[in-house]
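Labels run A, B, C, D, E and F following the written order; every chain starts at residue 1.
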Amino acid sequence: MNTDLLFPALLTGIFCYLGAIETPWLFGMSGGFYIVGRPLIAGFLIGIFFGDIKAGILCGLAVQAVFIANLSTGGATNSEITYAAYGGIGLAMATTKNPAIALTLAILIGQTFGLIFYNGRMALYSFWNNRADKAANENNDHGIVLNHLIYPQITTFILRAVPVFLAIYFGKGLVNWLIHSIPQEVTHIIQVLGGVLPALGIALLMSIVIKNKAHLIFFMAGFVLLSFAKLSMIAIVFLAALVAYLYYYASAHSNGTDYQKNESSQGGTGSTDTKDEYEDDDLF
Amino acid sequence: MMNRDTSSPKKPLTKHELNQIWYRWGFTHLSSMSYEKIQAHAWAYSYIPFARKYYHDEPEKKRRLLKRHSMFYNTEPQTGQLINGIVASLEEQIALGNNVSEEMPVNIKATLMGPLAGIGDSIIQGIVVPILLSIAMSLASGGSPLGPIFYIVTYGILGPMISYIAFHSGYRLGVNAIDIIVGENSKRITDAFNILGVMVVGALAANTIVLKTIAKVPLGGKTKPLESVLNGIFPGLLPLIIVLFGWWLVSSKQYSATKVILILTVIVTIGCLIGLF
Amino acid sequence: MNTDLLFPALLTGIFCYLGAIETPWLFGMSGGFYIVGRPLIAGFLIGIFFGDIKAGILCGLAVQAVFIANLSTGGATNSEITYAAYGGIGLAMATTKNPAIALTLAILIGQTFGLIFYNGRMALYSFWNNRADKAANENNDHGIVLNHLIYPQITTFILRAVPVFLAIYFGKGLVNWLIHSIPQEVTHIIQVLGGVLPALGIALLMSIVIKNKAHLIFFMAGFVLLSFAKLSMIAIVFLAALVAYLYYYASAHSNGTDYQKNESSQGGTGSTDTKDEYEDDDLF
Amino acid sequence: MMNRDTSSPKKPLTKHELNQIWYRWGFTHLSSMSYEKIQAHAWAYSYIPFARKYYHDEPEKKRRLLKRHSMFYNTEPQTGQLINGIVASLEEQIALGNNVSEEMPVNIKATLMGPLAGIGDSIIQGIVVPILLSIAMSLASGGSPLGPIFYIVTYGILGPMISYIAFHSGYRLGVNAIDIIVGENSKRITDAFNILGVMVVGALAANTIVLKTIAKVPLGGKTKPLESVLNGIFPGLLPLIIVLFGWWLVSSKQYSATKVILILTVIVTIGCLIGLF
Amino acid sequence: MNTDLLFPALLTGIFCYLGAIETPWLFGMSGGFYIVGRPLIAGFLIGIFFGDIKAGILCGLAVQAVFIANLSTGGATNSEITYAAYGGIGLAMATTKNPAIALTLAILIGQTFGLIFYNGRMALYSFWNNRADKAANENNDHGIVLNHLIYPQITTFILRAVPVFLAIYFGKGLVNWLIHSIPQEVTHIIQVLGGVLPALGIALLMSIVIKNKAHLIFFMAGFVLLSFAKLSMIAIVFLAALVAYLYYYASAHSNGTDYQKNESSQGGTGSTDTKDEYEDDDLF
Amino acid sequence: MMNRDTSSPKKPLTKHELNQIWYRWGFTHLSSMSYEKIQAHAWAYSYIPFARKYYHDEPEKKRRLLKRHSMFYNTEPQTGQLINGIVASLEEQIALGNNVSEEMPVNIKATLMGPLAGIGDSIIQGIVVPILLSIAMSLASGGSPLGPIFYIVTYGILGPMISYIAFHSGYRLGVNAIDIIVGENSKRITDAFNILGVMVVGALAANTIVLKTIAKVPLGGKTKPLESVLNGIFPGLLPLIIVLFGWWLVSSKQYSATKVILILTVIVTIGCLIGLF
């Protein structure tokens, strides 16, 4: 038994469970999905487990770039980022520690295996939901705790920690063999692909935030401020806030007049002042 | 214990009990998520101590409470605590025997969960997380642990803080919060945040997508790398084209993520084979 | 007969006709005046004719800078850019290939000879117009073709290709002599002037687009983004688009409420949405 | 041929015939331009095939058609194709015997040519062409053919494309297009484009005007080039002063281009002689 | 008698009077308080008096930074900038010519001695005011001149020129001794403090201009344009003007419609045009 | 002199007399400032020649004139000349016997001095002076006299110019100026100038506050200066924190300047002692 690999593989499996969207232990999504579940953090943690923090973070960086705009809305997800991160980076760290390998494995795992397990678990959970429903109906507090918390968590622990542990512990050989058979051309393609794939995440974000084609103007302005003016993200956030406020202000006045129409129309200035103070409360 | 009969005046929620409702939901919101119910049972779970306090000798009321909080529910779990706050104030009214109908919390949950999921997801997943991550990524370059630590600390504070403030604002404002959320001014604020989001996403695109051509173009006898020519005209033109193409696939063609990955893979592969990338 | 000069001079003359505003052959103004007529393109083409593309383009650059904002509105023009370009660059290429010479000649030709020929031709055309009118009145299709297209084009070909050809073919000696008699101080002045003259074009543009003195604020912002922030023109176009959109949006809302006033006032939000979609159609 | 009498139902314009109207104008709009008529006869010329199709046996109608399209006309020829499209739809209605008066096309031409010349000239000559040229010029620096080729390709696509889209939009919308062109929203769009134009022109000024001083100023014992001092305070201050002065001459003093050239020449000459430039 | 020090000290005292807010001789505040009273100018002048312009300006720079946003509103002031500048820089120039010393002395003098003298004088002036009042009531022109101009100016001359002269002329020894007893740690603290204290001036400015907490967005944008985008103040002023104009424009339209409501509603467009021309008049 | 009796037509103010009113106030506005009267007597002083011209034989009227211009008054002295201009036109009307009441100038002074002090102080002290100074300071770096000279020249022109233009505009417009100053449009302009001011002040903060940390952070074995790490994330973060803290002390806590100086000194001292700065 390879004890060198045993503990790292075990811990990676456990954290693949702790970073899952359905995990409660780290204040729900806040500490789980949104922190432990991020590939960058996963790389950091797996780096610690495997005793090579730097290599772990480099793998995490490569994978994170692709999943920077990962989305989970309405319970649905476009790629299973947690399996992707812990599976891909874990296997890479167990073998070559090569970021490009980590990325390729992450995408393969995230889009196939990961999505299948994710949706499978979602289906299984209906069973526990049913029982939790019945427990509520029967005034059975304990039943709610069991079927909302305990049983579902055991289910998902089995579905996450176990396969990821096994994949790393026993998949090492296979992956090693695969890596060495990859021709150089393919490595190059994978590298280029790693730069291109974040476009998918961005495109998904765009489809959420761009509700009016004319708003592409704002997208272009943001793009240009980074690519031409070389501003950093933080600076752009503040400039974007200025633009957003002007937009808000321009719309405010329209509604201001709108509102006054239904009221009597005296005291226009006065009511504008009230508006101004109102803005404060809402924005901050 | 006999003095705690229905006629006796019930006490309002203590600070501790209120926080209990908050963190029970804060921890377990998605712990039994299926497409069928998503966050439904987290409600029932978070009202168990409440039920024990107010309805320990009124089983029918308790049953109704747990039932009405076992229905399908889904919103963004952090910003969405606003609703949990409002509902907590209503349930307290109901429990104290004030004139609030039991349908009220149910209606409010159904009305507000949609809007709050929308604005919450855009802000958290569309703006906050990508920005923090891209700062963290630049700090992590070269493998420095500063990057992940920065992200863990900042989001570790921000996420729970949003959740906490949202919950307690909701509780304090009660039903008045609704006007703020679905009112005209809220629409304007949401729109403004969207503008903010769109600009930030534009910057994010320029920051994270990398695509360089290795082709050369003949220029007055000598050849020059096409990449440096493009850079002179429009730095980041190739990433821009790729992301606009991806957006078109996703929003106009309604392609799934996996399909888009396949298409991008094909394009990159061909591009590499013909010596473009 | 100097055949080395003959063909370049001939081609330059012909393209001086093809780049004219009244030329139809390259999809009217689109390919003629707006492409072949631009000094930068003229320099490129004349460079090809004279077998020295690089020198041609450098002359084209110098001349183009001055005429970057050349305007032709309502049929009137402030300088005859096509004569200027082909005459000036052509003569320079036939002699020293010096950009400053090309520029000086272009200005001299464009502002004197060029404007005279331009306005002379405009006057002559009234004659053909008259006949085209009569043809229309007599249901004479052929007459329209002849007097709208054929005769006017022959006229302008003679007025453009011939003098430019002659000027280059026979003017070479004179210009060479002139160039060598110019004192160095004058060369310096011409060089400085070449940097200053684009101000005229810009000033003319300003008098078209600035309709409200307060809008000088936008002019200054554009200036500053280039001169202080060192942004490129393309980047500034996108930022300007953002500003323009905010301006549009701010005005939109005013009109939005204006409009609703004439209608019944229900469904304010609904009608705003319609507006939003409407914007799309118009802007793109 | 006898079955083509007036009572027989005439066929609408084919795609090909429509395009013929478009490109006949697209090619020859200014080919007989005088100050008296400018683009007048290009209309008659572009309606010759149309006249042959519909009025080959109604000479009086044909004559009226050709006459009403030989009147003074002038607009920006590319964006202005919108009007040609509208008029084509109206002339088709007239020819098919529908209830459209023959004054209609004439009125529409007279009403719309002004506004479209205004917006078209600002956009094409004020924004599009100078921007493309200034990119081309930076690409051409050092004598690279990339510059001119870039301009030829981009404007070569853009110009005809605008023309084509404008024409077909006009034809599709018919008279409804008028509302869009002269309506309130159009004024707002034009205003917004103007703002865009003003900013771009500001950048253009900074980009193309070059004026440097060679004077030196005494600074604490040593002398320092004035240019580098000015650059520290306000890069491009001299070009800015020159262009604002030129604008004042042109717009307030109403000076002609030639006059302004002379004034600038005098200023530069004096400046050079006293060692300023 | 130390004549080397006598004249510089005397001139410094006199200019401390000439730069005072209540001094009339240099077109009131315009040339006095706002020009001669600024520490940068004080440094320049004192440098001339002491025959070391460079050292004077460097001291002026250090002190000016802290007082960049000095405010005098409603007659009240947050620090007596003129005593601070002439006292602090004057004493420093008489001793070590060290900017950090100038700054420390300036702050000490400005916040203690300076404020006391300032408010003392303000109180004294009520006496002259009283007499000027009586003079007006008695139609006594001369009395007004005496009590509004002559007597108050003699008062303030005594209160400004004399103590500053004495402080420099006789304080030199004390200050020299103090300087040499300051431990290095304190010097370091003073240096750091010199960088931090401008924050006070800025904070006071902010409390004047920021009337709505949401406007902190504009503050941040300005900050970011300088710190991230490295733009100069001048460039930012122009960009800020653009933003302010958009803000103005957005509010304009609201009021436009407001206004039209009270009128009859015909001619909406026409009245907007009038507005536009109106803007011109007001803004420039 | 006998022909100058009250019934004879008095002559309007000459240009010279008008300018006298302007510069008498321009020079002495604050020369007798106390908290009790501030700029009160500068008015009486500037109307002495006027009083001699119009009321040399009407002592009662003269007395009333001097009295009504000895009341408490305070505004920004440069932009505020607008009021002096308006009042000059009114006093002229009164002196010429036209139908203007003597309360009018008093009321106008009382109404307008507040708004003009507000807008004037923000523009002059909040925007113009700090901007000119910060340019001058960058020019003066290294001890160059260019800096102070630049400021002397620019403000030396600007200050009196504003004063002059304001006065003569006020005189020309008369009471109509009031609408412009206190009307709706003026509020909007003031608001816009405030926005301008806020942005400029933000830049000023970044430009003038200097605070650097000398602490080091351990990073992957080696230590790295914290300052360069902070610079990578947010250049100027420490100055920003300091200024926001100062603003909070001043605006929310209502602390005096001296108190804030003390607090900052304590912070800096502690920071230095523990090796932070």
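Descriptive notes on the structure:
Simple rule for what comes next: a residue touches a chain if its C-beta (ideal position, glycine included) is under 8 Å from a C-beta of that chain, and two chains touch if they have at least 3 such contacts.
Quick caveat: nothing in here was measured; it's all calculated off a predicted structure.
The chain pair E-F and the chain pair C-E differ in C-beta contact count, and the higher one is E-F.
The greatest centre-to-centre distance from subunit F, using averaged C-alpha positions, is reached by A. Between the Cα centres of subunit B and subunit F there is a gap of 48 Å. Per-chain CA centroids place subunit A at a distance of 53 Å from subunit F. Note: centroid distance subunit A to subunit B, computed from Cα atoms, is 10 Å. Listed for subunit F are residues 135, 138, 143-145, 184, 220, 233-234, each touching two or more other chains.
For subunit C, residues touching at least two other chains, in rising order: 53-54, 211, 218, 220-221, 223-225, 228-229, 231-232, 234, 239, 241, 243, 245-247, 250-251, 253-255, 257-258, 261, 283.
Taken in their complex, subunit C has these residues touching subunit D: 21-25, 27-31, 34-35, 38, 40-41, 43-44, 53-55, 57-58, 60-61, 64-65, 68-76, 78-79, 107, 111, 115, 122-126, 128-129, 132-133, 136-139, 141, 144-145, 147-149, 152-153, 185, 188-189, 192-211, 215-216, 218-228, 231-234, 236-237, 239-241, 243-245, 247-248, 251-252, 255, 258-259, 278, 282-283. Within the complex formed with subunit A, the subunit B residues making contact are 23, 26-38, 40-42, 44-45, 48, 51-52, 59, 62-63, 66-67, 69-70, 74, 77-78, 117, 121-122, 124-127, 129-131, 133-138, 140-141, 143-145, 147-149, 151-152, 155-156, 159-160, 163, 180, 184-186, 188-189, 191-212, 234-236, 239-240, 242-243, 245-247, 249-251, 256-258, 260-261, 264-265, 267-269, 271-273, 277. Residues 229, 231-232, 234-235, 238-239, 241-242, 245-246, 249-250, 253-254, 256-257, 260-261, 265, 268, 272, 276-277, 279-280, 283-284 of subunit A are the ones that touch subunit E when the two sit in their complex.
By the touch criterion given at the top, residues 212-214, 217-218, 220-221, 223-225, 228-229, 243, 246-247, 250-251, 253-255, 257-258, 261-262 of subunit E touch subunit A in their complex. Those residues of subunit D that touch subunit F in the complex are listed here as 217, 219-220, 229, 232-233.
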